[in-house]
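In what comes next, chain A is part of two complexes: it sits with chain B in the first one and with chain C in the second one.
Right, the complex of A and B next:
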C-alpha cells in the first residue's frame, strides 16, 4: 500500500513534467511549420501579419543575462571568499543567512525598486549617450545582477568550504600568505563549484520574469546591427520572459500560429535554462564520483 | 609587496561582502521608509477601493494565503512520495541519480513556463478559467523540488541504527516508513515547505494567467471561474502605473507587507536548516 502510493504520486509528478515538455513541443509545431528556421534566426515579430522571428528576444535575454553575470560574478566570488576564508564560523553563518534573505526578495519588489529608482539613475547616469528612456537592457541587467548575486555568493561559498582545511594549513606552512593560499591553492581546487555557481546563476537570470518585464521597455524587433555594440544596451528591448508574461499571451490563445510562436518562446527558454542548469549541476559533481 | 597584496585581497573581499549586505540593507530601508506610513490596522482589514488608491489589502492577503495553503497541501504528498522513492524504494544508484537530477532540472524551470503550462491545461483544457486551485497547483509545481530535496536531506540524516532497530523488531519496510522515517523527518517537510512558500508567495508569473485578478474577487466558493486577489499581482499592476501619490503609498505598503511575509517564512525555516547544513559539513 505504502509502496503503491509512493509509486502513484511519483509517477504523477513524472507524468506532469512529461506532459509539460510534450505540450511545449507539440503546441509550438504550427509556428515551426509556418516560419521554418526563420523563427529562430529572423528579426520580425508582427503578430497581426503572422510574422514571427524571435532573434531580438533571444538577443535581449542573452544581453541582460550577460550584464548581470559581469556585474554579479566578481562581487559574488569576492564576497564568498570573504565569508568562507576570513569570517569565523558563527559570523559566517549570520552573513549567509542575510544573503539568503536577499535571495528571497520577490522579483516584483525588485521590479518596483527598478521602476522607481534604478530607471532614473540609469537615465541620468548615462545622459551623455542620450538614451530615450530609463527602460533599457542595461537597467534590466543591473537589476538582474542584484537578484542573482545571492545565488553566486551562496554556491561559491559552499564550493570554497568544501576544500579541506588541511590544504590551507599546508599552504600557510609552506610560507604562503593567507591571500596566496586562497588564490593559488583554494580557489583553483574549487573551480568546478565556482563555475557551477556561474551557470546556475545564468539559468536563474535567463528565466527571471517579473522584474525584467517592469524595466526592460518591452520594445519588439530591437536588434542592433552589431551584436556587440554597447550603445544598444541603452535602448529598450524585449526578452523571452518579458514577452511571455505580456498580455499577448492572452490574445494569442486560439490562433494556432500566434500561440505556437508564444509557446515556442517558452520552449526556447526551457532549452536555454535547462542547458545552464543541467551543466551547472553536472559541474558540482566530483569528477571521479 | 606580498604583505601589501595580502592586505589588498582581504580588503577587496571584504568590500564585496559589504556591498552585498549593503544592497540588502538599502533595499529593506527603502521599502520600510516608504511603506511604513501606509501600514495601519485598516490596511490589513479593509478591501481595496479607488483602484488601489484607498482602502487596504485584506482580500489580497487572504488570496495569497489561499494560494500558499493549496500549494503546500498539493506538494506535500508528492514530495513525500518522491523522497521515499529516493531513500527506500529505488534500488539502483543510477535511478536515484536520475531522480535527483530531474528535481534540480525542475528547480531550474522558469516559473513563467509553469504559468503557461497551467494556462493551457487547467484554465483552457479543464475549462476552469482563472481559479485559485489552478494557481495553487501551479505554485505546488514551482516549490516541489525545494520541498522534496529538504525532505530527502532530512531522511538521509536519520541514524541508521533507528532503521536497523526497527527492522530487528520485525517491522516491514512500510511499517518502518510510518513508524520511523516519516515521524523523524516531518521537520524536513515543514522546513522545505516554508522555504518553497517563501519563494511562491512573491511569484507573479505562475499565477497571473491562472489564478489572480486585480480587483473584484473575495472568497472563492467554487473551482471554476473563481479567481482570487493576491499581493504580488497587486504590486505588479500598481507598479506599472505609479504616478498617483495615493496609490504610491499603498503600493509601498503592500510591498512592505509582502517582504515581511517572505522574510518571516524564510526565517521560520532557518533553525532546522542551519543545523542540517552544519551537520552535513562537519558531521
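Right, the complex of A and C next:
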C-alpha cells in the first residue's frame, strides 16, 4: 500500500515536471522555427524587428552568478567552519536560526538595499574604470552574493556537522591541532556536501529575479567581444530573469514568435537551474570512495 | 612496591561536568613498561579518567579537571604545556576503531606526518615499522594503497593502533579496545598489548576480567560511591580481584 502510494506520488511529481517542460518547449516552438540555433547563439534582441538571440542574457546570468559565487563561497565556507567547528552547540543553533532568517528575507528587500547602498558604492569605488552608472553586472553579482550567502553557510554547516565527532576525536587524539583536524579530516570528508552547497547556491543565484532586476541596469544586447573581460562587469546588462520579469513579457503575449522567445528564455533558465540543483543533489548522495 | 620509575602520576584528580562530579580524588601512580588496567562498572568514569590523562577532556565543553596529572614528574596542566604535543606522547586507542577515509598507509602516517616532515623513504620505513609493531604488516603489505575502510573491524583496530604507534608515544591509553571485536581479533590485540609494554606504557580500560587477568600487571578499581566515580582500590591483579572487604569489587567480580 505504502509502496504503491509512494510510486503514485513520485510519478505525479515527475509528470508535473515533465508537463511543465513540455508546455515550455511547445510554447517556444515558434521562435525555434523562426531563429533556429541563432536563438541560442546570437547577440540580438530587437523584438520590433522580430530578431531574437538570447546570448547576452545567458552571459549576464552566468556572470552575475559567477561573481556571486566567487564572493559568497569563501565567506560562506569560512562561516560554516566557524559555526560548525568553533561555536558551542547552543550558540551555533542561535546563529543558524539567524542565518536562516536572512535566507527568508524577500528578494525585493535586498533589491531596495542594493539601490540604497550598493549602487553608489560601485559607481564611486570603480570610478577609475569610468562606469556609465552604478547599475552594473558587478552590482547585481555583489547583491546576489549577499543573498546566497545563507544558503552556502547552512548547507556547508550541515555538511561539516555530518562528519562523525569520533573522527575529530581520533584526529585530536593523534596530536593534531583543532585547525589541522578540521583541514585534514573534517573538510576533506565533507567535500561533497561543500560542493553541493555551491551548486545549490548557484541554482538560487541564477533564478533570483527581483533584486537583480533592480540593480542590473537591464540593458539589452550587451555582450563584450571577450567573454572574460572584467571591464564588462562594470557595464549594465540583462539577465534571463530581469528580462522575463520586465513589462516586455506582457507585450509579447500577443505575438507567437515574441512570446515563444520569452518562453524560450524561461526554458533555458529552467534547464540551467535544474541542472545545477540536480547536480548538487546527486553530489551529496554519492557515497564516499 | 614497584621499583620501576613512575611515568604517570595523578594526584587528587577530579573531573567535573557542569552539573555534577564524574570522578573524584583519584591518585594513582603508573610505572613504566607495564600494563595498568582500569576496571569497574559502566558509568563509573573510567573513560573520563583515561581521557584526562592526555587532556582529551579539554575538548569537551563544560568539563573541568582539577588536581594534577604528572608525566615524568611534570604537570600536564602547567602553562606552556602543548596539549597537542602531549597527545602525541600519550596516544589513545578508542573503543570503536575510527579509520580515516584514506588508504591504509595514509592512515598509518596521518599523525606522524603532521608532527614532523618526513622524507619519502622515512615515511615508508615508519609505516612498515608501525604496521609490524601492530601485527598488521603481513596482512596488508600488498595493498597499502587500498582504502582502510575495506579492512575488517579487527584489522581496523590494529590499524588505529599502528597509527598511534607511528607518532611514537610513550604511553598508550586504551579505552576498551576489544569490546567491538570478535574473539580472534580480541586475542590478537591482547597478544599485542603484552608485547607492546616492552617499549610503551599502557593504560587499559577494560570490562573483561579475563582480559584484565591476562594482560594487566597492575589494576585499579574505579567504583561509584555517593554517585561519583572513585578509586576504591589498586594493586597487583590478584590482590585487587581478591579483595572481599570492598563490597563493590566483590560484587563486580562475582557478577562476571
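The definition used in the following text is that the second predicted complex is superposed on the first by the 267 of 289 C-alpha atoms of A that agree within 3 Å, B and C clash if a C-alpha of one lies under 4 Å from a C-alpha of the other, contacts with A are read in each partner's own complex, and residues count from 1 in each chain.
Keep in mind that, in the parts below, a contact is a pair of C-beta atoms (placed from the backbone, for glycine too) under 8 Å apart; a residue touches a chain by one contact, two chains touch by 3 or more.
Bear in mind the structure is a predicted one, so any value in this text is a computation, not a measurement.
Asker: Answer with first, second, both or neither: which of chain B and chain C does A:244 touch in the superposed model?
Answerer: After superposition on chain A, A:244 lies in contact with chain B alone.
Asker: Taking the superposition on A as described, I'd like to know which of chain B and chain C A:177 touches: first, second, both or neither.
Answerer: Both chain B and chain C are touched by A:177.
Asker: If we overlay the two complexes on their shared chain A, which of chain B and chain C does A:166 touch? Say first, second, both or neither.
Answerer: Once the two structures are laid over each other on A, A:166 reaches chain C alone.
Asker: Can A:9 be said to touch chain B (first), chain C (second), both, or neither?
Answerer: first
Asker: Who touches more of chain A, chain B or chain C?
Answerer: Answer, by number of touched residues of chain A: B.
Asker: Please indicate which partner A:20 is in contact with in the superposed arrangement: first for chain B, second for chain C, both, or neither.
Answerer: The first partner, chain B, only.
Asker: So, does A:150 touch the first partner chain B, the second partner chain C, both, or neither?
Answerer: first
Asker: Touch check for A:108: first (chain B), second (chain C), both, or neither?
Answerer: A:108: touches chain B, not chain C.
Asker: Where on chain A do the contacts from chain B and from chain C line up?
Answerer: Residues 177, 180 of chain A touch both chain B and chain C.
Asker: Applying the document's contact rule, which stretches of chain C touch chain A when the two form their complex?
Answerer: 54, 56, 59, 61, 84-89, 91-92, 94, 96, 98, 100-101, 110-111, 114-115, 147, 160, 163-164, 167
Asker: Looking at the complex, which residues from chain A come into contact with chain B?
Answerer: 1-3, 5-10, 12-14, 16-17, 19-20, 23-24, 27, 74-79, 81-83, 85-86, 93, 95, 97-102, 104-109, 111-113, 115-117, 146, 149-150, 153, 161, 177-180, 182-183, 200, 203-204, 206-210, 214, 241, 244-245, 249-250, 253, 262-263, 266, 269-270, 273-274, 276-278, 281
Asker: Considering the complex alone, what residue numbers of chain B touch chain A?
Answerer: By the definition above, chain B touches chain A via 2-3, 5-6, 8-10, 12-17, 19-21, 23-24, 27, 30-31, 77-78, 80-82, 84-85, 88-89, 101-102, 104-117, 119-121, 124, 141, 144, 173-174, 177-178, 198-199, 201-205, 208-209, 232, 235-236, 239-240, 242, 251-252, 255, 258-259, 262-263, 266-267, 270, 274, 278, 281.
Asker: For chain A, which residues are in contact with chain C within the complex?
Answerer: Those residues of chain A that touch chain C are 88-89, 164, 166-167, 169-177, 180, 184-185, 188-189, 288-289.
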